[in-house]
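Before anything else, here is the set of structures, which you'll find just below.
Same chain, two partners: chain A is paired with chain B first, then with chain C.
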Partner chain A sequence: MFSVELLLNALIAGLLLGGFYAAVSLGISVAFGLLDVVNIAHPAFIILGSYAAYVMNVSYGYDPIVTGLIFTPIFYLLGVIVYWIYYASFEKKGEDPLRGLVFFFGLLFIIEVSLLLKYGVDYRLVEAAYIGQSIRFKGIGIAMRLLVPCVVGVLMTLALSLFLSRSFYGRAIMGVSQDSLAIRLMGANPMRIKTIAFGVGIATASLAGALLIMIGPVEPSIGREYIGRVFAITVLGGMGSVAGTLLGGLVLGVVESLTSTFYGPSWSPAVSFGILLLALAVRPAGLLGR
Partner chain B sequence: MMRRWTYGIRAWALIAALIGAFVLSGAWAAGAQTAQPIRIGFGMALSGGLAGNGKAALMAMQIWKEDVNKKGGFLGRRVELIYYDDQTKPATVPGIYTKLLDVDRVDFVVSAYGTNLIAPALPIVMERGLVFMGLFGLANNQKTNYPYYFQIMPSGPDPAVDWTRGFFEVGMKQSPKPTTVALVGADAEFAQNALAGARENVKRLGLKVVYDNTYPPTAVDFTPVVRAIKAANPDIVFIASYPPDSAGMVLAAHEVGLQPKLMGGGMVGLQFAALLTKLGPKLNGIVNYDFWVPEPTLRFRGIEEFLKKYQAQAWKEGVDPLGHYLPPFAYAYLEVLGQAIEATKSLDQKKVGEYIRAREFDTIVGKVKFGSNGEWAKSRVLQVQFQNITATDLDQFMKPGKRVVLYPEELKSGNLIYPYSKANP
Partner chain C sequence: MKNKWLLALAIVIVLLGFALTRVVKNPYLYFASYVILQYIVLATAWNILGGYTGYVNFGTAAFFALGAYTSIFLIKAFAAPLPLLILAGGLVSGLLGLGIGYLTLRLRGVFFAIATLALAVVLQTMVINWQYVGGAKGINIIRPRAVLFFTSYVEFLFAVMVLLAVVAVAVAWWIEHSWIGRGLAAIRDNEEAAECMGVPTLKLKVFATTVSGFLMGVAGAPFPYYLTFVEPSSAFNLDYGVNSLAMPMIGGTTTWMGPVIGAVLLGTAQQVATVTISSALNLLIVGVVLVGFVILAPEGIVGLAKRLMRRRSA
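Moving on to the complex of A and B:
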């Protein structure tokens, strides 16, 4: 069954999937990688983003990407509020991080149940002219439904990377992640910087959700399927490394795609997580971690 | 004077008699209203993974209750439904049925929706010798052979094999005859059962398997799977998938340009408005299982009235606005129980159970006769082909001509467009 054409198609499909994986993992990379906040509710925020895209698409015919951009500031504010509550209830008191985990578990359920009560349990999809279309070139096929999320995912990674390395607040976030005490000694307020960082992390969920509902149908609890995957990508790429998240996503996407094509799709999770274990054995800090 | 007095007595007696009769008749009517209702208890998935269908089933069951009570109930008693949310968790089921029987003291219990939620209730009803109507369970009674279990999904006496029989038989009647097949499905219970049945049918028909794989339920992108299938170049592609995967497969098949001679079979989700209206014309040519579609050959007594009532409420409740898949059967499984109670004029479990075993029932999903294992005596899993879908509006799926029945022969409403590429160029 092996052919060069099949191999090239599998590689391209894997890269496209990887770009999307990076988009859904960026928020975790910021919260977990930079702030040490185990935000397992992040996939639920992504689903919230998907529903925002769905509602705007069905009601006003908005393109999901446009909706994702419109809702980004709203998600940022949502992230800020969530972090305030988390900080006041757990971090400030120096509570065990496990209790914070319970907080985010609770948040996950609240978002899921709220969506369930409002929109029911039916699967939701969006419509856009490019969904279902593909570009074909000499036996190579590129599905627009995957190309658009990949491009947007890469652009999101680039934007976040530039923000963290070039802007004042971005550098401050990197500083807090490296040495919170030093930032405090310099007269800055780490809590304020962490709030901005967490808000940025949740803001990425708006676009990530829009990308998710472009790829396939969504229902309120589907976010749970991504919890393991997004944490694995963050760890594989290197904790706190945004470029590493993109690389981790691409590696996982390509491995899944090649396994599905040549060996059988049911093996793809085992091979992907096998690669994760192998990578961590060789580089415990992750691919681009320090 | 004496005569006038006698007349007065007679007139008063007449008035008293009339008032008495009126009061008595009123008392009788009031008595009928206040008599203990016949209570039917069940658990239902109103939250969790199966809640979408569970809520739709409950709505259908409430429509049945209203219809029955409008006609005066059974045995001069109204019907009442007592139900609890099983949260789609099998662990909640034994507690719910024990409470229904010991605390609520219901007269009958019927099953929740789905195989996994029927299984934990079966030992309880078997121990007490109760009639148990099942709603969409796959082979729950296969090993136990409990005589009073009756399952309404028309999968037939050998559910796994019968489910996919029609798909392959339709294909084998075509010219040029297909010779190779690809089998793909999710790593989950229903899909595995469907694939096992498909493998038996493939073996019986002598088809050559060129691809046989499963995918994890968490799969996101199906293009690699579809490309691998395309590379194997099969004549038939049999897919056993759950709703998100069904959508993923249809989209990926389009993007990759997969065009076998026949495709579909066991794709869950292509019966519901949510996916039908989003996939629209991309569905053309796919042949898939179904249980009821609005074709002229399936216009059974009462089905249209039921759907009118259901569809009027569905939008408000946020459940499937079409209601073709599960709701008519949720109505029908209570219809069977009701008809048996009415015919036997009894609430005795044995009498009612024996009656259901022996008789054929006329329901809104057609004539229903149960076999020895409590499944339909003869399979009536339909194979329908999506044809002439030009848009994504919902209304088209409420009318005939879009999901044409190809199998079984006696319910056929049109011909297969073959090969697949002809229906979906």
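Moving on to the complex of A and C:
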């Protein structure tokens, strides 16, 4: 049963999955890690991205990644609007963050059920020339439907990391995350910067959703599985650390892949949530925590 | 004096529930009312931890399903009677609540909420992989014959749920009006300050999580007999988590009345929507109403009513 080849295949599949998991978690890393906004609805936005990719693929034959890029500005605007509502209703009044959490929980439900009413419970998938193919090398198979999302995911992580550390607005976001009051004393408006940051976080959901539907078929409530994953990755990687998000994604991807290869796929959801519980209870600061 | 009246009211409600089964014979009425009553128990249980203490639990489904699966196990292994099932379901879920209570030592606020959500998925995965209670395929449960003087088993379940709902609300009422309730409110407002003032915060939190878990398990225990077919995805449905949190939020989280009002209003609306439109739409209603209330009326219906009364008297 156990063989080196099987182990190697599982490891590689896990690493590829991990790159994709990083892409899915970037939005949470920004919203929750940097801004302390518990956007539990982020997986729902990702599913929204998946359906955008699906609709454009079926109706116009667009490649999912192209759709993901086209829709990124639209998702950014969506994020800006959601943050405005959140800010005006909760943050401005200094309401306790738990009400905000409930707000996002409700939002998750609204998005999910709206998709359900429009597209039904059937699994949807996209088609592109490269999706079914795979590279074989000495008994090790690399499926393109895993490789492409991983590469795009790593690129997204890199881009976000450069944006936060090099650009003017990125540095402003890091500043707000470290000391919001100091930013205000410097004459800048923290709310404006936070709006941009939250918009960027939601914008990543467009591409992440396109990657998700490339990896496997998608139905509206599949986002629930990702709530645990994205928070596990964010907490594991260290809140708000983009490099940590990639690391957390890779760790989770490998552990899930190994579990699913050697114990069966039905155990793999328990892994991410189990790691999350463990991380929360033992080391809430994460692997690369501040 | 007021206590006696409320006790009398509780007894009258239970008797009315029993009397109803002698008069009305429409089985759908009992099917629908059972769900609403079940939500009264769940919402009240959620509120003991979420409303009084300020710890948000997303994992209601975990406690509910644990109660249901404890029943399934006992039915399969010993063919145990319903009262025993309810007690056992409550105890097992209460034990889980006890564990969650100690988790609050390390996890507060948002992290606690996420941990409860994680807990639900971990438990669901374990049940999916446990073949004895049906695994992922689910399991059929055969109802016993109608008991006592009830003509059908659904009527009996309905009467049992009426009793459980009254007990759950009575427990919430008692907590609210004792020193425990004041201690919990102190934790909700400022945990550090409460601890400094000598409030035994850990003991109280563990008490709240245990009682809350116990009641959720109690609500889940008769569930296998109600549906006669249980699968993990129905018992661990996230809908329980959303509903049991939305109902107190809509009704008002600071009094025992809030969850009851929320459960009756939202529960009825959902039942009507399920029959007349579609079951997906009723969830949309919950989502929209929840978001609307949390933004516009954070104190819920009870809070709104109080504000109106104050304005009138002033």
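Here is the rule we use: the second predicted complex is superposed on the first by the 267 of 290 C-alpha atoms of A that agree within 3 Å, B and C clash if a C-alpha of one lies under 4 Å from a C-alpha of the other, contacts with A are read in each partner's own complex, and residues count from 1 in each chain.
To be clear about the criterion, a contact is a pair of C-beta atoms (placed from the backbone, for glycine too) under 8 Å apart; a residue touches a chain by one contact, two chains touch by 3 or more.
These figures come from a predicted structure and were not determined experimentally.
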{"item": "Which superposed partner A:I140 touches (first chain B, second chain C, both, neither)", "value": "neither"}
{"item": "Contacts of A:L116 with chain B and chain C, given as first, second, both or neither", "value": "both"}
{"item": "Touched partner set for A:M186, first chain B, second chain C, both or neither", "value": "neither"}
{"item": "Chain B versus chain C as contact partner of A:V58, first or second or both or neither", "value": "neither"}
{"item": "Contacts of A:P269 with chain B and chain C, given as first, second, both or neither", "value": "both"}
{"item": "Touched partner set for A:S3, first chain B, second chain C, both or neither", "value": "first"}
{"item": "Partner chain(s) touched by A:L162 [first = chain B, second = chain C, both, neither]", "value": "neither"}
{"item": "Partner chain(s) touched by A:L77 [first = chain B, second = chain C, both, neither]", "value": "neither"}
{"item": "Partner chain(s) touched by A:L101 [first = chain B, second = chain C, both, neither]", "value": "second"}
{"item": "On chain A, the residue positions that both chain B and chain C contact, one per complex", "value": "116, 225, 264, 266, 269"}
{"item": "Chain B-touching residues of chain A, taken from the complex the two chains share", "value": "1, 3, 6, 9-10, 13-14, 16-17, 20, 116, 119-125, 127, 131-134, 136, 141, 143-146, 215-219, 221-222, 225, 229, 256-258, 260-262, 264-266, 268-269"}
{"item": "Chain B residues within the chain A interface of the complex", "value": "47, 49, 51-52, 55, 187, 213-221, 223-225, 227-228, 231-232, 243-244, 247-248, 251-252, 254-257, 269, 272-275, 278, 282, 318-320, 392"}
{"item": "Of all residues in chain A, those that touch chain C in their complex", "value": "38, 40, 85, 89, 95-99, 101-103, 105-110, 113-114, 116-117, 224-225, 227-228, 231-232, 264, 266-267, 269-270, 273-274, 276-277, 280-281, 284"}
{"item": "Chain A contact footprint on chain C (complex, rising order)", "value": "54, 56, 58, 103, 106-107, 109-111, 113-115, 117-119, 121-122, 124-126, 128-129, 136, 238, 242, 245-246, 249, 278, 280-281, 283-284, 286-288, 290-291, 294-295, 298"}
